[in-house]
Amino acid sequence: MSASAAEIDHPSPQGPYSTTLRAGGFLFLAGQGALDPATGLPDTSSLDAEVRLTLGNIERLLHSEGYTLDHLVQVVCYLTNLEDWARMNEIYADVLGPRIRPTRTAIGVSSLPFGLSVEMTCIAYREDAALTGSGASA
Amino acid sequence: MSASAAEIDHPSPQGPYSTTLRAGGFLFLAGQGALDPATGLPDTSSLDAEVRLTLGNIERLLHSEGYTLDHLVQVVCYLTNLEDWARMNEIYADVLGPRIRPTRTAIGVSSLPFGLSVEMTCIAYREDAALTGSGASA
Amino acid sequence: MSASAAEIDHPSPQGPYSTTLRAGGFLFLAGQGALDPATGLPDTSSLDAEVRLTLGNIERLLHSEGYTLDHLVQVVCYLTNLEDWARMNEIYADVLGPRIRPTRTAIGVSSLPFGLSVEMTCIAYREDAALTGSGASA
């Protein structure tokens, strides 16, 4: 892909993995955190910023494959400080809005790549995508 | 939903998420722990009680969507004390009985919401549910 | 199953779970680590050995169900020392080679069964397996 950094509007892989993969109507996303989608650099300046950027990256990846936040079915949230749970919930609910929300698991972990405080792993599903088969993002 | 607490026989969400979501025959469950399904209060009096109540809540959620323990395909167990692993296995095997058991992963984590020692995230599958499309629990 | 240890070429369950389960074209794998597939004993002599044996076990389980590394869609890597992340990526990329790689999440956890440093939970998908229904490994 020859796009410059300024043209990239969704996160790139930061290791040997695909950021998205489709399989039977499902879309699997690599774990997402508060990395600037253009530069790949982490922004851990505040929990609020982290949660919003993480969910923004998830939304950008969903859109890149024709999905939206409405299609999320499973989110696993990893937090390095579980006391961030209540505040994360507030921002998370604000970003997701009144739609039917995905199932979720939240756990406290020892550490996350790039010094992140939050990482989220997501699975989405579109019934009408089930006929399109599997594929990988660029 | 206007049911009183006494009428509720399966766990309610404790944050901004759905407790169950169906997608293409699969049923995704929010992470479950030893919270009383009627009151939402944690019961962490003993590991045995925690594991039994957690699996009871999982079964209640499965039943609320027309699934059973037979349909579980993936369970991820988060334990704050990994030395609980052997005892958890005993109770887990006792509750599940002789059926074909789901795949499982067990890991030791730093902390869990509500002071829980155990949390489990589950995916179930019914082949005959694959035609019914996706949906959300109340 | 009456096979002797020497005849077993893929990992056995180390607890009350199935090592693989098929569901709607998907194959769910139990969490895998560096356990010798014949003896079940852990080999934690080096990170390199652990990652290679873990991925070897994953490949053996995939093959036992008619899948390959090409069919992986989601990998969650649990590491007890997140500083192993960069080296794990090197070995992981070497083993997977130039194929389209699965999505991935890596997190640092407190502890893993059997004193492992690495554990991986995988989901695979074969479009042409979607018609074969669900089933369990021996």
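Should a chain be cited, it is by its letter among A, B and C, assigned in written order, with residues numbered from 1 in that chain.
As a convention for this text, a contact is a pair of C-beta atoms (placed from the backbone, for glycine too) under 8 Å apart; a residue touches a chain by one contact, two chains touch by 3 or more.
Quick caveat, the model's predicted, so the values are computed rather than measured.
Fitting subunit B to subunit C on Cα positions gives a rotation angle of 120°, stated in steps of 5. Homomeric contact subunit A/subunit C is classed as different-residue, with under half of its interface positions used by both copies. As a whole-number value, the distance joining the C-alpha centres of subunit A and subunit C reads 24 Å.
In subunit B, 24, 26, 76, 109-110, 123 are the positions where the chain touches two or more neighbouring chains simultaneously.
Looking at the complex, you find that subunit B touches subunit A at residues 15-21, 23-24, 26, 28-31, 76, 78, 109-113, 119, 121, 123, 133-134, 136. Subunit A makes touch with subunit B in their complex at residues 24-26, 73-76, 80, 82, 85, 89, 92-93, 96, 100-110, 123, 125, 127, 130.
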